[in-house]
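In the two complexes that follow, subunit A is the common piece, with subunit B as its partner first and subunit C second.
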Partner chain A sequence: MIEQVRSRFGDAKDLVSEVMDNGYARLELCFFPAMCDVDQIKDAILVPFSYRFDPDEFRRMLKTGLTFLKSDEPKKWPELLLKGCVLLQYEDKVYSFLAIRKMQKAPGDTEVEASLQGPQSAFTEDLDMNMNLVRLRYNSPNLNAELMEKGEISRTRIMILFDREKVDRTSLDELRKRLESIKPQLIQASGQLAMYIGNARFSMFPITLQTERPDRVAQLLQRGKIAVLVDGSRFAITLPVRFFDFMHAMDDDYEPFWMGRIIILFRYLGMVLSMTLPALYIAACSYNPEFFRVQLAFSIDGSRAAVPYPSFVEVFIMLFMIEALIEASIRLPRFVGSTAATVGGLILGQAAQQAGLVSSIMIIVTSVVAISNFVIPNSSFSYSIRALKYVFVLVATFYGMVGIIVTLFLIVVYLCHLRSFGQPYLAVNMQKDQQKREQSR
Partner chain B sequence: MKRLLRILLPLVLCLNVSGCGMKDIDKRFYVVTTGVDLTDNPEKPYRISLRLAITSAQVESGSSRTEIETIDAPSIAEGVRHLKSHVDKELEFGHCRIFVLGKSLLRTASPETMSFFSRRRDIQMISVFAVGEPDALSVLKVSPKSERYPGNALFLSFGNEGTESPYTITTYLFDLVRKAYERGIDPILPVIKAEGRTYVIDQAVVLNKKGTGLLLTPKETQLYKMTTSRSAKAEVVLPLDEQARVVLTVSQLRTKIGIDRGTVPTVRMKVRVSGILEESPPGLLERDWHGLERRMEESLSGQIEDLLIKIRNSGTDPYGFGLKYLSQYFGKEKDYKYWQSVYPEVKFKVESDIHIKGPGVIR
Partner chain C sequence: MYRYFYYHVFYIGMMNVMLFVPHILIKHRFDGAVSGILAGIVIGTVLTVGTVYCYRQFPELGLPEILKRYFPDWIVAALLYLSCLLWLAGGVLGSYTFAQTMGLFFNPDMNHYQFLLLIIVSSVFAGSRSTRTIQFANEILFWLCMPLLLFILFKAFSSPYLSWDAIRIVAGYVAGPPSLTLLAASTFFYTGYLNLTLFNRLYPAKFRIKRLWSIPLLGAFLGFVSFFIPIGLHGTMGVEQYIYLWSVTADSMSLKYGFIQRILFIFLIMFTLLSLMFMMNVFHACMEYIKASHPRHKPQPEQLPVPKTNWIVCSFFGAACFLFSLWANEGRSQWATELWLIVRFLFELGSFVLIIVLALLEKRRSSPSSRSTTSSASSGQ
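Here is the complex of A and B:
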């Protein structure tokens, strides 16, 4: 066996292959120490084989042990070794022993979707740990799990989870069909997979929701959605989703009813502001100044007097600055991050206004846009809104207020047209419709 | 490629429909008050004056700065067009909420010449029209000390935004246009008097369709405002002997107007007023509460009737009795002619009902 394996791996130096002899029997052993838990190998194989050796007991252990599997096909050996198995040959039979080295021993902390009073644990980069987290929260025999492997090279394990009784069958079929049709080389993050199965790569809005919160996955499963867990990724993909799911934070369910509603309302307001405010500024400044009250009109007029460029150039300058700032603070190491914020926020904002490059109202507009964009709980959705803002700015530059209203209308039309795995994206009365359908069945 | 073209073409075509051209807010010159006067020159009868706002980023009391541009022109539209060559930025009427017509203008101008204001797209229909005394230009030249924003003092004077004076009548453009063309109702305009560094707006002019009008005194203006709008911020005064006066502040007010048909129609007006006494000689109310109410009712009814008769005799109809008559009796052309013929003899019957709630707050 050893020669066969060695030749397949091209004499890899990190492969350990050993022939052991305790005087009574011979054992051939090969494994990747980097991928295996050496303590487990010692406890399960080396100890029984060496100083507590009993041929009968050892044979029985190999045959009945849960973690020992008989693997006679030489074709599968490299695959098993790469997954972190130990291959051992004893009395001309080959067994594999699963001794994967686990990096994660505990659930992670929520980082992207922080919550005040909800659970603080998040998914980890280990699929088994994630399964544990989901099973813990969704403790029902109806929970179906299907294992799959995707990626020609990465061979990433993928787990499809759904509630057998509640799941929407058409969506599930659609998902399976799409998963079968894709042939990616590497799958390193769930976002990547989401893009492959999303079908519409140029869609303006995400049609799958990625979350790092097990409680959200459990909630969505209970509502008949499907979750896809990807090994090595902290995020689960859930589908099909609606527009409103993206604006929902888990805290809304944990806070008192009215508080939650009011905060959701503010969130929608923030979304609309962050999308349209720069465009409204252009439209009101350059096309319809009578839109403001007279006091505001005069103070904008006064503060814009020193600005040399038309309003849309001013907006582009400020928006570029704020986008650069956001991007920088994400990419920079944490120690330098706060410097970027200070430099950008304090110095650029104040100085740009005093230098007469932008008006003081524009500074307020920019900060409202930036802050209200962070109100959106889902990051991929907030990316969409960030991008849409530029569509509005462009339209407002050419068509003014009329353009903004028409674009807003077009976006609603687009949202109505969008489907997430067969389900309408902007379904307002989804639950009522489903109830009706079930009654008529 | 074809698809791209199909998307781009409508967008390019849309460039034509963007409406008013792109002009930044700081490239526009805001007109805050417009004045129109009559000149002696028959070739250029209109003198158009615009009060333009000079804006600044800092706002302090009394910091408002304005500039006045004046031109004589054969028509208002021509004058405004010509004035554009006097200034460095595009004239913008979007925030011009006060239009002052010179007193001299009222005598000759017909509604048609005034239609400029209602036709222009950037003049808002909620702008206020008033009569300037002695002329519009001198009203424009007043710059009150308390003014923070250019033109703001006049903006605040009208409507209920700033002061709520019982003497100030507010006539909006949409209302003026309606009343200028509707039969059976006549427009009424407030009079702005320029006095030193402030404005005094306590009188009103009732116009008939030809323009000539009737000037109401401040007292009559207040009565008119009381009986037409539900403005509660008014007072009813009963002069007693020995120079003592009883003043009732109105807190609730309701007026009903009905017209009885007959050979000579009778206009019935019911005014219900309730409020508290703000000023009265001591012990008066306790002695004869109802008697006092009755005396005040009689006095108020008399005052209102006098006002109505005065208005009737001048041949104007700001209350819209004619319109009311037509609406009540399916008015056709014939009915209106009849109404016009009997209007000078119309009888008025005013009933007022005053309820004194008390002598005010007890401390």
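Here is the complex of A and C:
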């Protein structure tokens, strides 16, 4: 066995292959020490084989042990070794022993979707740990789990979870069809998989929701959605989703009803502001100052007195600054991050306006845009809103106020046009309609 | 489900403002407009309720599918092209007036065609979506428009300059018989029911449009509001000076607080949305008619991705809008709109008769079979 394995791996130096002899019997052993838990190997194989050796007991252990599997097909050996198994040959029979080294022993902390009073545990980068987290919260025999492997090279394990009784069958079929049709090389993050199965590379909005919160996954499962867990990723993909799901934070369910509603209302307001405010500024400066109250129009125009170029140039400068600042604070290491924020804040805050590069109202607009954008609970959705802002700016540059309204109309139509795995993306009262339809049949 | 039906009735009823209906009514405010509106309530309600009842015979079928059951292909195609032409004309007229209004009140310096381009591009995009998408979009847009409308109405009714005397005086001229033009104009408030010809495909079997009693109320409300509020604000004589009557009327109200001072802009925002909604539906309906005129076409209310034919057909509609605007000016478009309203009215009457006949035929055709199934069921027991 050892020669076969060695030749397949091209004499990899990190592969350990030993022939052990305790005086009574021979044992051939090979494994990757980097991928295996050496303590486990010692306890399960080495101790019984060496100074507690009893041929009958050892044979019985190999035959009945839960973690020992007989694997006679030489073709599967490399695969098993790469997953973190130990291959051992005893009395001309080959067994595999699962001794995967686990990095995660405890659930992670929420980092992207923080919550004040909700559960603080998040998914980890280990699929089994994540399964544990979901099963704990969704403690029902109806929870179906299907295991899959995707990625020619990475061979990432993927788990599809759904509630057998509540799941929407058409979406499930659609998901399976799409998972079969894709042939990626590497799958490293759930976002990547979401993009492959999303089937809409040029879609402006995410049609799957990624979350790191087990409680959200449980809630969505209970509503008949499907969750896809990817090994090595902290995020679960859930689908099908609707527009409103992206604006929903888990805290809304843990707070009293009306507080939650009011916060949601503010969130929508923030979203609209973040999308349209720069465009409205352009419209107010360059096209329709009469649209607003006279005093407001005057103060906008007055603050622009020192600015030497048209409003859209100003907007582009400031939006570029703020985007750069956001990007910098995400990518930079924590220690340097605060420097970037301070420097950026200084420039954006005062200097740019005093130098006459931008108007003071534009600074307010920029900060409102940035802050409102962070109000959106889902990061991929807030990316969409960030990008859509430029569509508005572009149209407002050419058409002013009318352009903004027409773009708003187009976005509504576009959202209604989108489907998330066969389910409408933006539609109200769908559930009621469905019930009525079923009643009438 | 039935709420979707009312969204259509609502936005088409609201579109009267863009299609010079108040202008036509006000021109004849002393000779027949009031009686025209009253007659419109009766005619519109009969047409709407009758059509709704007839379509109950054809669950999940649109007009093209119904016609295909009874007529040879070429007659079906001819009828569909005719109704497509009629609706398209409405859309073209609407787009022209809309572009004019926006140009006049929003960006007077801008080239008229540039505006038209924006409108046409967005209508082509929106119209080429699938039927279900259009249905969803109608609902969302309706809820976007509704608060604005309520606000404008609130401002209008609470305005100190609204002269109820003027309204009362005009309302007194109830005696004169309405002309055909007036009838055509005043029945326009109800035309929304015609969406059933297409959107009936989406309604499931055994589906009932409830609360039909609200049709006369809704139509009468729209009619009286768009006729009497301008009179109340401009006076009985001053009101006839304006072509874009409602824009001017909205401009005569103002906001004391808030970012926006002139109600006109709230009005324009609302009408931008409503007009685009109208264009979207018109383009979509026309496109579906044209696609259905092919004998082997199968209706697909849900279609993703959007097929290329949709884009091509809708682009032709867009080109038609553009060509019209080359020919038209204010006078011509007004004349054409008036003509269109009358033709539309006659067409509606014609199609009403047709659908009644078809529904009766369908009933006769289906009743013997249903009787036989019930008898066999009872004998089986």
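Operating definition for what follows: the second predicted complex is superposed on the first by the 434 of 441 C-alpha atoms of A that agree within 3 Å, B and C clash if a C-alpha of one lies under 4 Å from a C-alpha of the other, contacts with A are read in each partner's own complex, and residues count from 1 in each chain.
Here is the rule we use: a residue touches a chain if its C-beta (ideal position, glycine included) is under 8 Å from a C-beta of that chain, and two chains touch if they have at least 3 such contacts.
Model, not experiment: these values are computed from the prediction.
Looking at the shared chain after the overlay, A:416 reaches subunit C, while subunit B stays out of its contact range. In the superposition on chain A, A:360 contacts subunit B only, with no contact to subunit C.
In the superposition on chain A, contact of A:277 is made with neither subunit B nor subunit C. Once chain A of one complex is fitted onto chain A of the other, the partner contacts of A:311 are limited to subunit B, with no touch recorded for subunit C.
Residue contacts after overlaying the shared chain place A:301 against subunit B, while subunit C stays out of touching range. When the two complexes are overlaid on their common chain A, residue A:400 makes contact with subunit B and with subunit C alike.
By the document's definition of touching, both partners, subunit B and subunit C, reach A:287. More residues of subunit A are touched by C (comparison of subunit B with subunit C). Shared interface residues of subunit A (contacting subunit B in one complex, subunit C in the other): 287-288, 290, 294, 399-400, 402-403. In the complex of the two chains, the subunit C residues touching subunit A come out as 1, 3, 102, 106-107, 110, 114-115, 118-119, 122, 125-126, 129-130, 132-134, 136-137, 139-141, 143-144, 204-207, 258-262, 265, 269, 272-273, 276-277, 280, 304, 306. Against subunit B, in their complex, subunit A makes its touches with residues 284-290, 294-295, 297-305, 307, 310-311, 360, 397-400, 402-403. Residue ranges on subunit A touching subunit C, taken from their complex, read 287-288, 290-294, 296, 395, 399-403, 405-406, 408-410, 412-413, 415-417, 419, 424, 426-429, 433, 436-437, 440-441.
Of all residues in subunit B, those touching subunit A in their complex are 14-15, 17-20, 22-26, 28, 30, 32, 53, 55-59, 92, 94-95, 97, 122, 124, 149-152, 155.
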